[in-house]
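What follows is a structure written as structure tokens; I'll ask about it next.
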Amino acid sequence: MNGHQRVWDDEGSAARLLALSDGVFAIAMTLLALDITLPAELDSDGFKRALRDVMPNLWAYALSFLVIAAFWRGHHQMFRYVREVDGTVIRLGLLSLGLVALMPFPTTLLAEYGDLPQSVAVYSGAVAAMGATQLALTVVLWKRPWLGSATLPDPVARNDVADLAWTVLIFAVAVPLAFVSPTGAKLWWAVLIPVKAVTGKRGKRLRAAAQRVGA
Amino acid sequence: MNGHQRVWDDEGSAARLLALSDGVFAIAMTLLALDITLPAELDSDGFKRALRDVMPNLWAYALSFLVIAAFWRGHHQMFRYVREVDGTVIRLGLLSLGLVALMPFPTTLLAEYGDLPQSVAVYSGAVAAMGATQLALTVVLWKRPWLGSATLPDPVARNDVADLAWTVLIFAVAVPLAFVSPTGAKLWWAVLIPVKAVTGKRGKRLRAAAQRVGA
Amino acid sequence: MNGHQRVWDDEGSAARLLALSDGVFAIAMTLLALDITLPAELDSDGFKRALRDVMPNLWAYALSFLVIAAFWRGHHQMFRYVREVDGTVIRLGLLSLGLVALMPFPTTLLAEYGDLPQSVAVYSGAVAAMGATQLALTVVLWKRPWLGSATLPDPVARNDVADLAWTVLIFAVAVPLAFVSPTGAKLWWAVLIPVKAVTGKRGKRLRAAAQRVGA
Amino acid sequence: MNGHQRVWDDEGSAARLLALSDGVFAIAMTLLALDITLPAELDSDGFKRALRDVMPNLWAYALSFLVIAAFWRGHHQMFRYVREVDGTVIRLGLLSLGLVALMPFPTTLLAEYGDLPQSVAVYSGAVAAMGATQLALTVVLWKRPWLGSATLPDPVARNDVADLAWTVLIFAVAVPLAFVSPTGAKLWWAVLIPVKAVTGKRGKRLRAAAQRVGA
């Protein structure tokens, strides 16, 4: 029982929270692309110009899809052994879905007004907030092993927490940075790439070790 | 059998009704956010103004997300032990989904015309109607224990009914109140907060007691 | 084996076709409501007029929601005992989803141009086409009992076929009728109400009888 | 074990990746139809003209629905025996969903500007890219039999690979072809029909043989 005291607040199987989550992730992913559109009835030149103008939307879509997909993958790993949910998990889970559902808005901001500080700040803030709720969820699930069918090994959990804490930190720092330089803040996001590479590789090694022991 | 007479009207497992419901809840939650958008090609000043103008939409989104999430959580608890559905449950379930799917409309009304009595009345009426169908569903599921894998203890069911009855009552009263004072009706909604705190705490205690007995 | 010859064309479990179907039904149901919207920044009088103008959209939403919900319920009953699907079932199932996904278009036509013959004809044709694919699916599933975990009793299947055949017939007749009188065609739809009442009651009786035997 | 070396990179059950995939497929299918719409408040003549003008959108919807439905069916067959997923499968699966979610854009291009080379090239490129990710996914799943509950027979896998390779090849060739002749490129797509007929028939025969042996 990992030394934690069980609270009797079980609200049943995790299946429906996961179904709702997969639904919101799937819809947010697909709605991101709705913004990639061309006005009707242009002439040939206007069409070519509009096709060029749609490129930033395509980039913003790719970026936001990557962000949401990464959060979904984290969500998938986090809930891997979870069988039941309680009130706290449901409340945090719903809060995080509310932020995922919001992502099309900062994505459009970034696509249409990507050179303005406010857009970059709003986008960074949205990702930091999503990361913070997933971080809280990870800690809650780790500290309540009675909700799961198996105990998440502490080194794996600690690595997941580090991964999300870095995500939150980097995007939170990008919020004020955006007002100094929007382009600088966007370049700063790239700091996450080497961080993710390290935590990702370590997580893979730790999970494999845990599974070979468990098998 | 709780003294109720079984009707042979079983239409099979609850799984697909729940899948459809989670789908509609997920989509309604995500579509709420579609309204949070900025016109393209504004200059820097127009952008800042539009960003300020979008704030009521963000508040309306947060409120409606909270409402739909609360109804989803109630739906999740209500169907926790339900294994089969009959014609009445399917019909009531679909009616309640029809009202959930409608929520983006009153949400937009509230965001764009929140100071007009009609908007507040329509919003209140929509929430009261959603509450009423969930109330009917709760009673039907409680009175048909043969649909479930376990019997919902009467005190838990009675508390759930009280919780939903208060929701319906408060939002139904807000409909005429909105025509007296739209702001007054919106403040009146807040009466639900202490009510929910009481029924929520009582529900948690009753559920925990029932589970400790059952375990 | 009901006298039918088994074709070895099994493509695996029905679970994913049902998940896709519930997804499309849920999204089509929710998108129907997207049309119920008001332009922003109206004055008080314009707002009241716009609220009145939105009423036909609300009616069209209610009607189409009812139609899609009825088809979903039929789909749910049809696939109740189905465990596996083959190429024919997948192809018919996808075709029927393509028609369900299309429903927002005839619904908007009906809401905006409900007094024009073309709108009523397109709406009637869409419902008739949906009914026809569900009819084909019902017959195919009935004639391939090896796909299911239980055999659908012939009287139940025959009643389901009759129910769908009446739906197709009534809406198909409404297509040419719409060009004589759009209002007449809409009134003609109501002929389905007593038909559905009879087949619905008979279906309930036949299913209950089959279950009491099976239990 | 088919001679392949197992990598310990398991990320748990395939169920949630499939739920997310079915969600994205369902939403992309349904959003395709959002483009089929008429402006409000036209007079009778304008309405008839608009109804005629909407026909290309209807054709583009039918084509894209067919394409997405075919990819879904391939996805369903590919994951039929898969029980677990690893990092590579998740990453490829998400990439392919990102392309499925994008389909409404090339579909609108084709509907509105179907006679311009860029539209046909973008559409062909999108389908080729979707095919390429599904091809990669098929190969990865085939070469990692430890992820599944049963081994896909090599002749079946080889036929699936051939089917997808032809799809990629035909649509990739259509990209440069579109700049020579948009209409020619669209006719060239039809080359896929006899190819699909052959691989489809062969696949059906091979699967049936494998099942009769397994049964």
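When the chains are written out, they are named A, B, C and D in that same order, and each has its own residue count from 1.
Following the convention adopted for this analysis, a residue touches a chain if its C-beta (ideal position, glycine included) is under 8 Å from a C-beta of that chain, and two chains touch if they have at least 3 such contacts.
The shown structure was predicted, so the numbers you read here are calculated from the model rather than taken from an experiment.
S.K.: Can we say the copies subunit A and subunit B touch using the same residue numbers, with more than half in common, or are the two sides different?
M.R.: At the contact between subunit A and subunit B, which are copies of one sequence, the residues are largely different (under half shared).
S.K.: For subunit C superposed on subunit D via Cα atoms, how large is the rotation, as a multiple of 5°?
M.R.: That rotation is 90 degrees, given to the nearest 5.
S.K.: Would you mind checking which chain's C-alpha centre is most distant from the centre of subunit D?
M.R.: So the farthest one, by centre of C-alpha atoms, is B.
S.K.: With chain centres defined as C-alpha means, what is the inter-centre distance between subunit A and subunit B in Å?
M.R.: Roughly 26 Å separates the two chain centres.
S.K.: Could you state the distance in Å from the CA-based centre of subunit A to that of subunit C?
M.R.: Computed value for the inter-centroid distance: 37 Å.
S.K.: Among the residues of subunit C, pick out those that touch two or more other chains and give their numbers.
M.R.: Expected reply: 19, 23, 26-27, 31.
S.K.: Touching subunit A in the complex: which residues of subunit D?
M.R.: 8-13, 16-17, 19-20, 23-24, 26-28, 31, 87, 90, 94, 97-98, 101-102, 104-105, 108-109, 112-113, 116, 118
S.K.: Provide the residue numbers of subunit C that touch subunit B in the complex, in ascending order.
M.R.: Within the complex, subunit C contacts subunit B at residues 18-19, 22-23, 25-27, 29-34, 36-38, 40-42, 44, 47-48, 51, 61-62, 65, 69, 72-73, 76-77, 79-80, 204, 207-208, 211-212.
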